[in-house]
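Chains here go by letter, A, B, C, D and E, matching the order in which they are written, and residues are numbered from 1 within each.
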Amino acid sequence: MRRFKNRVSWAGLLASTVLAATALAQDSSLPPLPIEATGTVQSLPAKYPDEWFLVHDASFFHMSDGKVYVIDTSADTVAEQVKGMFNVVLMGNIGQSRRRGEIYAAETFHSRGTRGTRMDVLTIWDMASLAPKGEVVWPTPKRYMGMPQRFAVTPIDNDNLLLVVNFTPATSVTIIDLDTREIVNEVATPGCLMAYPTGQRGFSSLCADGRLMSTQLARDGSLIKQTRSDVFFNSDDSPIFEHTAFIEGTAYFPSFSGEVYPVNMQGKVAQVGKPWDLVTKEERAGNWRPGGIGLIDADDHGHFYILMHPDGADGTQNGGGSEVWVFAAAKRERVLKIQLQAWGLSLAVSRGKKPMVLVTNPTDMSLELYDGTSGEYIRSVKDFGQETPLMLHASYQD
Amino acid sequence: MRKLGRWWLFALGLLTVAPLGAEEFNAQRARFNYQMSCQGCHAPDGVGASTVPRMKDFVGTFLRSRAGREFLVRVPGAATSALGDAELAEVLNWILLDFGGDSVKSDFRRYTGTEVGALRKSPLFEVDRYRVQLLAEIASNTMENQSHD
Amino acid sequence: MNFLDDLFERRSRQLAQRSSRRGVLKQLGGLLVGAAAVPLLPVARAVAAPQAAPKAPKEMGDESDCDYWRYCAIDGFLCSCCGGTKNSCPPGTEMSPITWIGTCRNPADGRNYVISYNDCCGKSSCGICLCQRDEGDRPPYRSDKTNDINWCLGTASAVYHCSTAIVVGVALDKGAK
Amino acid sequence: MNFLDDLFERRSRQLAQRSSRRGVLKQLGGLLVGAAAVPLLPVARAVAAPQAAPKAPKEMGDESDCDYWRYCAIDGFLCSCCGGTKNSCPPGTEMSPITWIGTCRNPADGRNYVISYNDCCGKSSCGICLCQRDEGDRPPYRSDKTNDINWCLGTASAVYHCSTAIVVGVALDKGAK
Amino acid sequence: MRRFKNRVSWAGLLASTVLAATALAQDSSLPPLPIEATGTVQSLPAKYPDEWFLVHDASFFHMSDGKVYVIDTSADTVAEQVKGMFNVVLMGNIGQSRRRGEIYAAETFHSRGTRGTRMDVLTIWDMASLAPKGEVVWPTPKRYMGMPQRFAVTPIDNDNLLLVVNFTPATSVTIIDLDTREIVNEVATPGCLMAYPTGQRGFSSLCADGRLMSTQLARDGSLIKQTRSDVFFNSDDSPIFEHTAFIEGTAYFPSFSGEVYPVNMQGKVAQVGKPWDLVTKEERAGNWRPGGIGLIDADDHGHFYILMHPDGADGTQNGGGSEVWVFAAAKRERVLKIQLQAWGLSLAVSRGKKPMVLVTNPTDMSLELYDGTSGEYIRSVKDFGQETPLMLHASYQD
């Protein structure tokens, strides 16, 4: 069918070509094209525009060849959309520093590709050159490997320190000084995982027993104190996602069943607020629930965006959703429903004045861009060499 | 599936196991709970793997000090597990009996739900170094006792 | 490439189907409430052939099918499709000793079994029979119940190849996890 | 995954089309013999807009299109689609100093140019705008005329990312290849 | 559409399920399933059956994660077809030893995946365990990297020596002793490439100037003599493919234009025979030409199989073909034309009594199996995780 369609269009083309070829007088009086330089390599602005995203394709079918694409979603063609890429090997995770113009990628190498000695490395990428400008090697490989996360590689303390989550299955966080690019500490987080920035110089982790554990660090990365919250959810019966959106120092954690837990992360210790419903009674009856991988993100205007699906059940929590719902967090109010073209698996929302929502469409692994204010579908980003772009990150800028 | 499975059991009236009493010991239930909450990392026979500590023929060593006894409850895998207090006590007792081997004295005092419930309220923040420290203390105490003997 | 296309379409279709399957089933007035938990295809297939009932342990269905009973909480490539079997690894890979555990109901005897989902490691993604069922799956902070983590831990290589589903026990009849 | 599907279908379609295009053109009695070697699309497009003729060097067409004139003998991912341009590498890659050379005819001035197909190296396959034209391509034993070899030679990394097409001279008028 | 079709079939399923669920009496009196062992790993026969092939997927979009699948083409389902796989990193090449039960893979690693120090390695895979049983590391990385080949990794001398082709662009052949697994020599082949087994203990290479160069080796791999043939083709105007099929010591090299050059490789020096036409006059008028990547292979009955396409032109030589033509080499006679379902890019032919032709269909990257005697289409091998299975190898057995 495609083939046939194509033949037809070729026939049309041929007709117009006859015209073209007879009409065209090539101008041989033009001076010849100049000799061009070899060896030229492009670079990017040190601060990426709001419309740019980092698209993390862990390449589920070829994990030794994971990729992060830098994508300009304001452009129309793939050639204009793709600004560059870098590799992140074996289910890596990334974080960004606005201030330093750096992207941090936790990745894993084996001396023989898929076998041999394992080495865990944090690679520091320069945002302007997309070249590696440094690396930090784990003394013993132990970094967390799994579906891509947003809070497994987390800069804190005005980007002086970088936290990288470990899992062996013992859990800990490696702390890196971003000035010296050295590991300064490793803090155990027994029974708890991930690193959500908390206070001036700390982080919180979600625990198996339904608590949050907050860790306060000193300027040099040494441990000041760890504090466990009260139990606020049951990870068997009412689990919350490890994915969250930060709005003015509060992290919004959605639950499997459609509530959201606001956690104030501005103090030294995470303060869990009262959960509220994302769904109405009628929607709950239709089993509307949150779902996806990178299923929630925030804009700069107090809104968070979350992927929702109907007919939710045990087992649908990672599958994504047919709609994106937008909530004014402070008002606990839904302000917009975006009907996706097909389905969404992960999303990210751009910073700046005009929030744009980028969504992974898992049926063809394309990305779809929606206006975060009107919900209007704008364009797709596709055919950019992606395999499984399962985590999207808005670009940060000052 | 699990959820639906439960409905199925309801339908057939098969919900047979009564709530766990204070000092009950049901080895079958304990083994099942061990499997569901612990075995993934600690292996079917408690030998552990790579970074996961060995319990087999060793776990009883911790009972030789009070801090060690508390340690077995306060480690994250126990303290933060999804098991109820009584279930957790039962699993710990089962681990000691089934895996402990010679490291467990035959007259060891079994954990109770009450004891476990109290201890697990303060899970450890740091495990690895504390474990080493505990074992060193236990070792030196043991040597001391032996020299007294 | 078609296979990827198919797999991923299938994945979202499956989700849609499962939802709507549940939806439809509900309308059947509870008749199938129990059966809804049972993989449908194998059951239907097994019934098609008349059965002598040997008093030996029994399983039904196709172990290379995502709907096979043991895979109720799996997320990954089925080793059965990769040169391994439901409970063994493909040649040249290593089975991870560290894993996570679920329970699934065997439709042949109605029992719930404890299933260990051991990953096979040391070669890159098998890429075949991607199967995501996620029933009972919890986020990574509940590590004993999560399939979102790379469980190639304690193996010589951390590279994930495929997943097995091994019967390691019979579940207690308490509708337990 | 659609993009692979598309790319590969496109690849075989292109082959088919090129063949049939040539076939059809022949029947036009040689009128278009010269033009047949010229990418048709850019020409047609350029003619559509009326042109003032500045006496400056000129190229026509879309450098992210496989039919762009410089790509007559290319085989690989177009750097123009990967964050680079027709003659420069995407950020963070390194241009190979060792390469192979072809000639292509610039439809704007009718001249044949010597084109150097320098690969960009050090990141894995860009994966975008796969373009295989192979005109004048020879097997690897003719290494000066082959595009089947990984030309990431003399670079820090041997990993191929994408291909550029750089004007390095004007060809002698002997219809050379 | 697909989606809709699917719904329909689900409706059917539901209907049959009602039947099933009511008819099925689960037998709870059965004894429970036994506890199963963990840690079990499968193995394969040391000699692969005729119906097995090695499918080399260089993963053109993820070359750091190239794969070779072991495929049993006699089976119906993908689960039965796939016997196992191993990785071959960065446009590797493989060879096999019947006698040793080994597969040799020339591959390349970088210390940081796509960057860092390059290391060229020959990995020796055990055919039964599909585990690596040894490796040989190049002192200086220089192995040939490109589209996969059949004669870049070549065992000779009853599999005592292994030849691996290098390209920097200076050309040479590294010689490995397969008993000691050590490099014993490197022989320069200036202006010539590839290693086609020649005589008892030698090889020939194709040269840019239209000659063959034959290299004779001593038992220890040291060089005895190199001999250049007369010019027998013009690599500008009448190039031959570097792909060839061996039949009883003669290598058949097809030319771009549709001739075939028989080269007798039984003596110490390659002897080029008289070329003959693969195409009739009429076919030549329709520009029927050979094309593809692994475009030619032989069976055990004196036949070679070659991919052919109509409307050939400069630029179509690597694109494959719509038909496979089968020739009785000695008789210079075409014995069969196989019309492919869609298109073929590479092929391989099984050894043994019943030759089977496996062809890569580039439109969906599936493999299609044809009866080599009747030309009948038998089945497809698809959805086996492949990306670009561009080179196929028949399995060898004694």
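As a convention for this text, a residue touches a chain if its C-beta (ideal position, glycine included) is under 8 Å from a C-beta of that chain, and two chains touch if they have at least 3 such contacts.
Values in this document were obtained by computation on a predicted structure and should not be read as measured data.
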Number of steps on the shortest touching-chain route linking subunit C and subunit E: 1
Most distant chain from subunit C by Cα centroid: D
Centroid-based (C-alpha) most distant chain relative to subunit B: D
Chain centre separation in whole Å, for subunit D relative to subunit B (CA means): 67
Between subunit E and subunit B, distance of the C-alpha-averaged centres to the nearest whole Å: 56
Mean-CA-position distance for subunit E and subunit D (Å): 28
For subunit A paired with subunit B, centre-to-centre distance based on mean C-alpha positions, whole Å: 39
Shared interface positions of subunit C, touching two or more other chains: 1-2, 4-5, 8-9, 20, 34, 97-98, 116, 123-125, 127, 133, 135-136, 142-145, 153, 168-169, 177
Touching two or more other chains - residues of subunit A: 61-65, 87, 113-115, 132, 168-169, 171, 192, 207-208, 235-236, 313-315, 364-365, 385, 387
Residues of subunit B whose C-beta touches two or more other chains: 1-4, 41, 44, 50-52, 81-82
In the complex with subunit C, residue positions of subunit E that touch it: 2-3, 6-7, 10, 13-14, 16-21, 23-24, 26-44, 65, 67, 70, 77-79, 82-87, 125, 128-132, 364-366, 382-387
Complex interface listing, subunit B residues touching subunit C: 1-12, 14-17, 28-29, 31-33, 35-41, 43-44, 49-52, 81-82
Residues of subunit A touching subunit E in the complex: 59, 61-65, 87, 89, 107, 109, 111-115, 121, 123, 132, 135, 385, 387
Residue numbers on subunit A that touch subunit B, as the complex places them: 142, 168-171, 188, 190-192, 207-209, 211, 213, 226, 228, 235-236, 313-315
Subunit A partner contacts - residues on subunit B that touch it in the complex: 1-4, 41, 50-52, 75-77, 79-82, 123-128
